[in-house]
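Each structure below appears as structure tokens.
Each of the next two complexes has chain A plus one other chain: chain B in the first, chain C in the second.
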Partner chain A sequence: MHPEIDRFAHLSSPLHRLDARAKITVFLVFLVAAALVRHLPGALLALGLAFWWVVLSRIPLSFICRRLKAVMLFLSPFLILLPLTHPGGWEAGLRQGGVIFIKGLAMVLVVFPMFGTTPFHVSMKALASLKVPERLVAMILFTYRYLFGFAEEVRTMQQAARARGFKPRSNRRTLGTFGNLIGLMVVRAYERTERIYQAMLARGFKNKFGTLSEFSFTWPDAGKSLGILLAAAVLVGVDRLWPKFFG
Partner chain B sequence: MHIADGVLPLASIAAGWVGTGVVAGLTLRKAPFEALPKAAVMTSGFFVASLVHVPLGPTSIHLTLNGLVGIVLGPLAFPAILVGLILQSLLFQHGGLLTIGANTLMLGLPALAAYKIYALVSRRNFSHREAVAGFLAGSLAIFFSGLLLALWLMTAGREFLTIARLALASCLPLMVVEGLVCAAAAAFLAKVKPEILWRKTHAVDESVLP
Partner chain C sequence: MAEVLRIDGLTFAYSNGTAALADVNLSVREGETVAFIGANGAGKTTLFLYILGLLRKIPREVTVLGEALTSVEAVEAVRSRVGLVFQNPEDQLFCTTVFDDVAFGPINLGFDAETVKGRVTQALAAVGLEGFERRVPHHLSTGEQRRAALATIYAMRPEIMLLDEPTSNLDPRGKKEVTQLLKEFPGTKLIATHDYELVLTIADRVVLLHQGRIRANGSPEKILTDEALLQANDLEMPMVLRYFLALKNRAAAGNG
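Up next is the complex of A and B:
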């Protein structure tokens, strides 16, 4: 498990230097524009733009490709099944499945320049200053904070089970063992909640989070943001006008 | 079980966010602020537990565990699942970013139902009631999620009917797997640390009870 989306946040690129609040906002606008796309040329344009931003962000492609497996798994049923089941024939199904697949891929790629170029806690602070409810942001940060320790603990538990000769198979016994293992995990998390909370209070936690980073929105930020917004507008424009001229 | 970006039309995405905002607001507003760090630590534990690979025939799957989350966290299961899905989307790119709203309704509402089912069944007096209630809560949570998944796909257009049916059918083996895991976990918790289960006292705080 590699939960570090921000593993390459320390690099330097035009996207790394973009103000985190602006980055999240304008890429969100682009994602909405991409969701509006209905035709193949628009989907391909979205994919091209997303890929260009990924290249600009200098995040290694090997890191990204490893993370695309899951989304391929969720999107490929549409590419395979829509041609077989579309009421308008296989050609219409293939076209629609292709648009969904390419669009989906483009939208996942946008996540890397959007959240991979800022340290995670700074992204969360940016969300809070963008009026995402404070309680939600606090919960995300806490959950994130404890993921790493618990992941280590699950690994230890699985190792212990293997050392006792446990081999996972598709049977009731295996599922029962997993149930107990998960139950134990929940008990451990529960036993820790009280201690963690008291430790936080002892360190002066006043129901608020602070970070040392400050945001500043500068002229280059404005330029880059406008560029991305313009790309979103062009994307919707191309998608709406293409069938009129070429369809 | 996730809906990726690129599948749903914008209207469904907006509806998902509105529904999630309303339910999350209702369940979070009642909670005192100090309940949140504790619920978050539990969320973290569930998140990690859901990453365990479980073999199923020739392949392996990740558990959803939304039924178990409901049993343990009660009403706070909904924001817990919202947070879990946000992190899954941001950290692993499982499920889309715009579809977080739709996905949270799909998994979170069944978690609330599981909490009610578990409370109703485990209150009765018969042998192995914790395990039976756990099985029902775990497997029905998956069934309801499958139904909601099919409904979301139907909002994308009539041509998705067959895919929606297939998605629902593929839930049946998952129902058995999640039901058995949830049954074992519920029986384990009832034996080892009954105060964790929401119905007795509960995991977070007295004052959060609806």
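Up next is the complex of A and C:
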């Protein structure tokens, strides 16, 4: 199984049709706005908006939920630890933990319509056309391209070890075996990197990535972008004004 | 026919001291298909990488298409005229779509978007992968990956093609398809291979390498039927030829 984020990029939705450059830019603005949220109503609004865009994007919820498990695992300690350690008492801690948990979830949810509705390579081209340094884009692209390949190699090596009777235990030998495995992966990755670079040079690569730009920003794109930007502005406004009126 | 590749007295060792090529002298003529055979580690892949300046920045011993490779500029210029297909297509296909991979070379050659698209379409059609443009390379079967790798080079329209084990890891059908494709590709071809069927089908000449040295250079029939020569260089005669020769000898003995 390849857990690509762009598995459903072939679907059709208003977000799929939005210009990739505009999509990345406006969702990035929204992510910043969500990161600035400090109160529970703002966090809930961010989550609501993120959920709305996920529904709009038509990416199956089952696909997203499977990937959210790890995020939940990462965020849940905030909900548990903050009520116990917050200087303002458990209630303030729970509130703050809740805000972090909910806005964290909202931000991860936004990544799906942001990068899941465009083929990954097009998103990277969009980043390049947004003047993100070419080397950085190339690094992201290669990391994404080979992540699954290396994951498969790890799985194959694990299978080879198991086929020879290896059972992971909490002992030194297991640690040593996993250490060897990781070391071997690094060596293999380095060797493959060299071969890929040779393949690139052989095809005329001169340390500069060329792209065929295919983007066009239309009026509907402007409308959708404005909508997302407006949502970000409302989010910041609600979060800032809430304590004044209801705090 | 004009000489398109010349190598004079090439000796090369890797930085760890492993001797890879020793006193290699070679001449290839335009339109020739030359097969390089030899046991693993004989130096076939090293020779190909060396020709394109991928092991030493300036491969002074090499002259390609009349151009002596005595400067970095000359080496870079020659890479647009000589295509190399790597043994493992996973190394060759590093982009996230087949289109991007095939377009990578033509874009580096500086062609405009329309020309690049045209070349990609034509290259994919030539290898029978029409409609694969948006496919993810690492999701393709080994045979499809091999054909896509060929398309990445074909799109650059090189005058010389260097093919490293083009039929390895392919099933019989895949081998047949790739052999047919190579037969149809125009230009000069240098093929490093263990596949004798491929050699007998398309090679005009065979160069036998052993421990980095050229041990024999001649027609496929002459070299692949010389059992003593093959055995002395850690190779085996193809089974089909062995039977054919046995039958021939038996017939000759019967006639005698």
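One rule holds in what follows: the second predicted complex is superposed on the first by the 237 of 247 C-alpha atoms of A that agree within 3 Å, B and C clash if a C-alpha of one lies under 4 Å from a C-alpha of the other, contacts with A are read in each partner's own complex, and residues count from 1 in each chain.
Criterion: contacts are C-beta pairs under 8 Å (C-beta built on N, C-alpha and C of every residue); 3 or more make two chains touch, one makes a residue touch a chain.
Worth saying up front: this structure is predicted, and the values here are computed from it rather than measured.
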item	value
Which of chain B and chain C A:56 touches, first, second, both or neither	neither
Residue contacts with chain A in the superposition, chain B compared against chain C	B
First (chain B), second (chain C), both or neither touched by A:236	neither
Which superposed partner A:119 touches (first chain B, second chain C, both, neither)	second
Partner chain in contact with A:192 - chain B first, chain C second, else both or neither	both
First (chain B), second (chain C), both or neither touched by A:161	neither
First, second, both or neither for A:144, with chain B first and chain C second	both
Which of chain B and chain C A:200 touches, first, second, both or neither	both
First (chain B), second (chain C), both or neither touched by A:44	neither
Touching both chain C and chain B, counted on chain A across the two superposed complexes	4, 120, 141-142, 144-145, 192, 196, 200
Residue ranges of chain B touching chain A (in the complex, touch as defined)	2-10, 13, 24, 28, 31, 33-34, 36-49, 51-57, 63, 65, 68, 72, 79-80, 82-84, 86-87, 89-98, 158-159, 161-163, 166, 177, 180-189, 192-193, 196, 203-204
In the complex with chain C, residue positions of chain A that touch it	2, 4, 119-121, 124, 141-142, 144-145, 148-149, 192, 195-196, 198-206, 210-213
Interfacial residue positions of chain C with respect to chain A in the complex	49, 52, 54, 76, 79-80, 83-84, 86, 88, 90-92, 94-97, 100, 103-105, 107-109, 113, 116-117, 134, 136, 138-139, 152-153, 156
Contacting residues of chain A [partner chain B, same complex]	1, 3-5, 28, 31-32, 34-36, 67-68, 70-71, 74-75, 77-78, 81-82, 84-88, 93, 96, 100-108, 111, 115, 120, 123, 133, 135-136, 138-147, 150-151, 153-154, 158, 168-170, 172, 174-190, 192-194, 196-197, 200, 207
